[in-house]
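For reference, chains read A, B, C and D in written order, and residue numbers begin at 1 within each chain.
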Amino acid sequence: MSFVLVLTTASLTSVGIYLITSRSLSRIILGFSLLSHAVVIGLLAAAGPAGQAPLADETSAASSANPLPQALSLTAIVISFGLTLFLLALARRQQAVTGDDLVEDDLEDRRIRQSSSDYRSEHP
Amino acid sequence: MITSDSPILRTSVNVISPLALLVATYLFFAGHNKPGGGFAAGLVIGAVVILRTITGLQRDIQAARILSIGTVIAAGVAVAPIFFGETMLDQAVWQVTAPVLGKIKLGSALVFDLGVTLVVVGMLTAAIEGLGGTHYPVEEEF
Amino acid sequence: MSELLGILILGPFVSAALALGLRRYSIMRDALTVSSLLVVTVSSAFLFYFVNRDGTYVVTIGDWHPELGIVLVADLFAAMILFIALATILIVELYSLFQRASVWGANPFLVGPVLLVLTAGVTLAILTGDLFTLFVSFELILVSSYVLLTHQGRPPQIRSGMTYVVMNLFASTLFLLGLAFVYAATGTMNMALLAERIPELQDEVAWGIGLWFLVVFGTKAAIFPLFSWLPDSYPTAPTTITAVFAGLLTKIGVYCIIRFHTITEMNDLGPIILVAAGLTMMLGVVGALAQNDVKRILSFHIISQIGYMLMGLGLFSVAGVAGAILFLFHHMPTKTVLFLVGGLIESSSGTSSLDRISGLASRRPVIAALFAVPALSLAGLPPFSGFVAKLSLVDAGIQSVSVPIVVVALFVSILTLLSMAKIWLEVFWGDRKDIGEPYKQTSDLIGWRYKAMVLTTGVAVAGTLVIAASAGSLWEMSVRSASELMNSSYSSQVLK
Amino acid sequence: MILLLLPILLVSCLFLAASGNRLGRLVFPLAAAPLVVTFIWGCSQLVSTAPSAEERLVWVSGLSLNFIFQLSSLASLMTVLVSGIGICVFMYSFGYFSDDSQGLNTFSATLLLFSTAMLGLVWADSVWTLFIFWELTSITSFLLVGHKNTYKEARLSARRALLITAAGGLCLLAGLLLIADSAGTTRLSEMGTAEFSSTAAVLIMIAAATKSAQFPFHIWLPGAMAAPTPVSAYLHSATMVKAGVVLAALFSPTFAETGTWKTVGLFFGIASMLWGGIGALRQFDAKLILAWGTVSQLGLLFTLLSLGSAKATFAAIAILAAHAVFKAALFMVVGEIDVRTGTRDIRKLAGLASSMPITFGVAAVSAASMAGVPPLLGFAAKEAAIEAVLKLSGTQDLIAGGSIVVGSVITVAYTTRFMLGVFSTPSQEAASDATPVAPQSVGMSVSSSLLGACSVIGFLILPKVSTWVKSAAMQLNPEAEIYKLYRWPGLTTAFLVSAAIVASGLVLGWFAEKKIVAEAKPAGARFADLSVSTILRTAQVITGKMQHGSLPFYIATMAITASVATMPFLFALDVEPIYWSDSWAQTTLAILAIISSLTVAAVRTRLSAAIALGFVGLSITGLFVAHGAPDLALTQLLVETVIVVGFVVGLGKLAHGFPQVGVIWRGVRFLVSALIGFAVTAALVASASAPTGEPPLEAIAEKSQTVGGGNNIVNVILTDMRALDTLGEITVLVVVAIGILALAKPRLPSIEREDAAKENVI
């Protein structure tokens, strides 16, 4: 397993998490893009050593890179691509509703947190 | 919105469009033997649609219809073998000689890939509509 | 049988595509949606029957060897859960058909096709014998749920939708990373091969993989400490959508945990799972007690009851896993029905907030009766299905001499009853409040639609009673499924 | 027969519930009909000596969860009591309610359902059958107590009753599981006697105590008086509270050799007997006097049953029967007084002896029976108890015996106080102060008179009663065969003791009537409500802490959990299969990717972040090429372009930069990110350390050509080998497209939208 690829996976995950724990949906989207890069690299790292392109008529199975994770990665890339676009749409909707792209706290949760300090003892 | 009515841009997009379609066709048919395939082809066509939409050349592509047709084709290829007594998603292969590409194996996998391409195109069309790259108000009702 | 699985796997895809094409022709679209759901439900009933009679059925898709292609595995566990899941979706779709004239209903253009995609995802997740296909089916389920949750575009939905989407996207990322770990360690994604190869791994690596997937599936299943997203997002969706989510989504997570962790022999993780189970059921019910909204109370209950299912798994005995399976089977329809009743409450009162409803039992006694059955069942009271499920779990716990979890489980069930009583006291009893003027215009109390909604719910409640009545054979099947999972017959059946 | 009766009863319940308000008060005679059948059958079983057949209905045999019924002697006695008193209660309800009362259908259905539950409970011969009906009595009692649910007090009382009895139910569940486990059977008749675990004994005894309102669980019973009087008469005196006694009785042979059983039982019994009696002396509400009196009487039953001697068991059964009859009659009397005078306060009631003569007669007879005055059923039963007490020896038993005597004195005292308070004419005040009285209602008088008469009839046919009691007692303790009830025992020590008890009780009662002016505060009930609200409050505090509602917080929690989950990997790290890099190109591109990703996080505007993201994408594309994945590279390039364009198009409008966050939170984010990066490294390295399988590379390459018919293996995998994944994946794209379009559509206000939707109605 190539340590460089492991490190790339880990660093992209780290930066991705850093961005995704932000309140701004734009940064979350950026973070999510980085995370999807990270997992693809991770899959490739798990697949074994690099090699030639897996074209059956040009290379032997031994000298080419493992094709299966590539196929899986391709699927993963396309899915993340779709979901990133969906997040963008969500961010735009949020922008249309509130004027910015910040993820707000849940109102009901906040209400309960506050009311736990002034709870009426006579609760039916 | 990043839209433009600039004639230069329009002209260049008009020139690029058929070229890109050619590239997409190549990618689509080569895919089974060379790098390429339905996704790549779909993405190229989708990019063209995006460009044409942004420049206002394209107005009335109905994303939902393309999506629907694409899925029906892909799912249809998946279902078809059942009617021929095979397990689902069993692919059939035919040998065909085509110009430029030479002798190629055409499979039902290629039809499946066509579905994939259409879905990617439809999805990008919907995305550019939804993300506001259009001149006109969105009328697609969902 | 191959045809049957073909219908089950591909039917929803095809009909989703067609329904999308027909979206403007409402009658054809709805007829297509309902009839295809009916077809897959009936097919799954047949599958259930055949698998119960003949044993596990395996289909290799496209005739590829399991090592190369994807296999579908319909064992008894899968067949049971698949049937009940599809039946649940069918009921909800019927209900949503009647509800749509109001603001509480979801958008008809979209719900049909997307619900079918969700169905496809659920079917695939239950039947697949491949870990990567499981990922794809999770994405199918999730993307449908994202769209169903946010499609109305109301501010609270967008807000909670963000939490929901981002949490789940992160979970999907972790899933893919987990796939990388598994592939590096075993060189395969086929679950039957994994069942052979993961136990052969060095213990620490196997545990690491087990824990990682516990986190991955646990996020979908909303177990401690990963459940916070659920009560924030579920209640904001239209009722029918919440009902589907409540009955299915988390349960698919539980299904995967049970499936994955039993066939890969993660018995060593039992104590950790039990701790998570205890905390999940405890904190879930505590959360429910703190809420003031019917839908939010019910949402927290989902979490609490996930804890029970996890408890059964954590015991890692045949009785425990069987209990978990029975609980899963009973919980899916019962919880969904409860949310449908929640929808009736909302439709007839204009709100689901406890502060604003009271005296509903005298105004709508039928709703009260429809609420009581699933509520008592979920609180684990006899003679309903929840009692059998709870009894089997507690019995398994006593057999395994896991006293703390048994005590927690019993204590939680009294708190569950307390929170159900809270709904009952505030919503159904008390001064009769008539529906507020602003809500009258938007309520569903328009003639036959309301009656049809009540009727659908009534049929569903009757269905849960049927489950209770047939608990004997269901328990026997659960035991059989559990022993299949526990005695590693999975891989031998798939790879034969 | 049982399997015939139960469906009849249940169907009647459904019928009544479904009848709506059409039938008015007629629901009560209808509800009584199936009980009449049961009563007749019960009587026939009581007199016949043939053992009844076992009846069974299989439910979940794998869990031994079956319905098994067998009518024991105790059960036939209870059947007659439950159905007989039930009939009287329904007749009484006919008079108690008026035709315009709301919800009579659900009320009568619930009441009948309760009877069914109670009957099922006594008929059960399997612990699980018993448990099922046990829980059903809790639920129905909850509904009945809360019948007048527009009153807050009724709702609170119902909740209290439900919680305490349901908690008891859980103890019972655990206890039954333990006992069934160690006895190896779920049949009550096959349990046998052995040294069983004391945990099971304590749990079952607690369950019995909660149901029978034993101290300190009695707190729900006074509150349950918020229910309509027929309910109080039926559930809270004659039947439901007896369920605990029946349970204790049924298990007394089983636990005969388990010491804890007796100790716990005596504790509950003695404490309730005394505390309940004192409580009764301190009430002014006539109904509450009776309720507290019930607590005391149940305590007496618990004490006698726990003593375990044959005589005590015999006496307990006798008192069980006598109490059911006189207490139900007394409750009916109070209910009638309440309806006809509008009050139950003994300070306001006066002179009813002359204005309500029939009622007074019934009350006098029943009260005398309660006090143990001859010639009534209560007397004979009390005599048996005193005789049992006189035979006791040993410290524990003597304390119990003494308490029984004291308890009996208090019983006479509160009975006296009750009678004086309700019926006597206050001497210092004018006769005109007598409470005004509404006209008599036949339904109420007839049924209370019937029950009152039973106390007398029971005494008249005492030899018969004695046989029934004896056979029931023999079921629990075979040595009870020698005992019987006496009409006139002669001037025995026991009789003298009883006489002394009655005399001192009368004096005490008279004093209590005059001297007690302060009403007892319902401290227990307040305590129960306080605990519930404490639970709710604690729940809010915990939930407030745990459920932040903040997405970054959730994500961080999840990331930390995932990192912790990788801990086992740390113990399996093995660097052998790890090499530095595949090629220089890989190293360079990886460094580029990492640097540009850090730039994405560092820059403060959206546009520059998007450009940096583009650079990451390009580096990754390069990595793919270097790895030998041209398909990935091609797709990645196109996808990256679209995303960057989409990001700029979609969010370009937001001119301002990213929001600033606090230093602490940023620090937390750094830590979490570092942690997960470390965890992922460890996990990847460890999982590669000793793989247990190899990917079938040769097979894939060969099959993709021969079977798949393509040279690009990745494409063959996508469109053929794993076409199902691809199908799923494009469907994801379709749904995303639908979602994007739905979100983009400008929304109409809800009302207009409804109109729009109506046009699309089928």
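Some observations on this one:
Here is the rule we go by: contacts are C-beta pairs under 8 Å (C-beta built on N, C-alpha and C of every residue); 3 or more make two chains touch, one makes a residue touch a chain.
Remember, predicted model here, so these are calculated numbers, not experimental data.
A count of C-beta contacts for the chain pairs A-B and C-D puts C-D on top. In whole angstrom, the spacing between the mean C-alpha positions of chain A and chain B is 26. Look at where the CA atoms of chain A average out and do the same for chain C: the two points lie 25 Å apart.
Taking each chain's centre as the mean of its C-alpha atoms, chain B lies 36 Å from chain C.
Multi-chain contact residues of chain B (touching two or more other chains) are listed as 33-35, 39, 64, 67, 71, 75, 78, 89, 91, 120, 123, 127, 130-132, 141-142.
Residue positions of chain D with contacts to 2 or more other chains are 152, 155, 536, 540, 543-544, 547-549, 551, 555, 559, 630-631, 635, 639, 642, 646, 650, 680, 684, 687-688, 695, 700, 710-712, 714, 718, 720-727, 729, 731-734, 736, 738-740, 742-745.
Multi-chain contact residues of chain A, defined as those touching 2 or more other chains: 1, 9, 13, 16, 20, 38, 42, 45-47, 53, 55, 57, 68, 72, 74-75, 78-79, 82-83, 85-86, 88-90, 92-93, 103, 106-109, 112, 116, 124.
Contact topology of the protein chains: fully connected, every pair of chains touching.
Only residues 152, 155-156, 530, 533, 536-537, 540-541, 543-545, 547-552, 555-556, 559, 577-583, 586-587, 590, 593-594, 597-598, 600-601, 606, 609-610, 613, 616-617, 620, 623-624, 626-632, 635-636, 639, 642-643, 646-647, 650-651, 653-654, 656, 658-659, 661, 669-670, 672-674, 676-678, 680-681, 684-685, 687-688, 695, 697-698, 700-702, 704-705, 710-714, 717-718, 721-722, 725-726, 729, 732-733, 736, 739-740, 743-744 of chain D touch chain A when the two sit together in their complex. Residues 53, 55, 57, 74, 78, 82, 85, 88-89, 92 of chain A are the ones touching chain B in the complex. Per the touch definition, chain D reaches chain C in the complex via residues 17, 58-63, 65, 102-103, 106, 128, 131-132, 135-136, 139, 142, 146, 149-150, 152, 155, 158-159, 162-163, 166-167, 170, 173-174, 177-178, 181, 532, 535-536, 538-540, 542-544, 546-549, 551, 553-555, 557-559, 561-562, 565-572, 680, 683-684, 686-696, 699-700, 703, 707, 720-725, 727-729, 731-732, 734-736, 738-739, 742-743, 745, 747, 750-751, 753-754, 757-758, 760-762. Residues 132, 135-136, 139, 143, 146-147, 150, 153, 155-156, 158-163, 165-166, 169-170, 172-173, 176-177, 179-181, 183-184, 189, 231-232, 235, 290-293, 296, 425-426, 430 of chain C are the ones that touch chain A when the two sit in their complex. Those residues of chain A whose C-beta lies close enough to touch chain D in the complex are 1-24, 26-27, 29-30, 33-34, 37-38, 40-42, 44-58, 60-62, 64-68, 70-75, 77-79, 81-86, 88-93, 95, 100-103, 105-110, 112-116, 119, 121-124.
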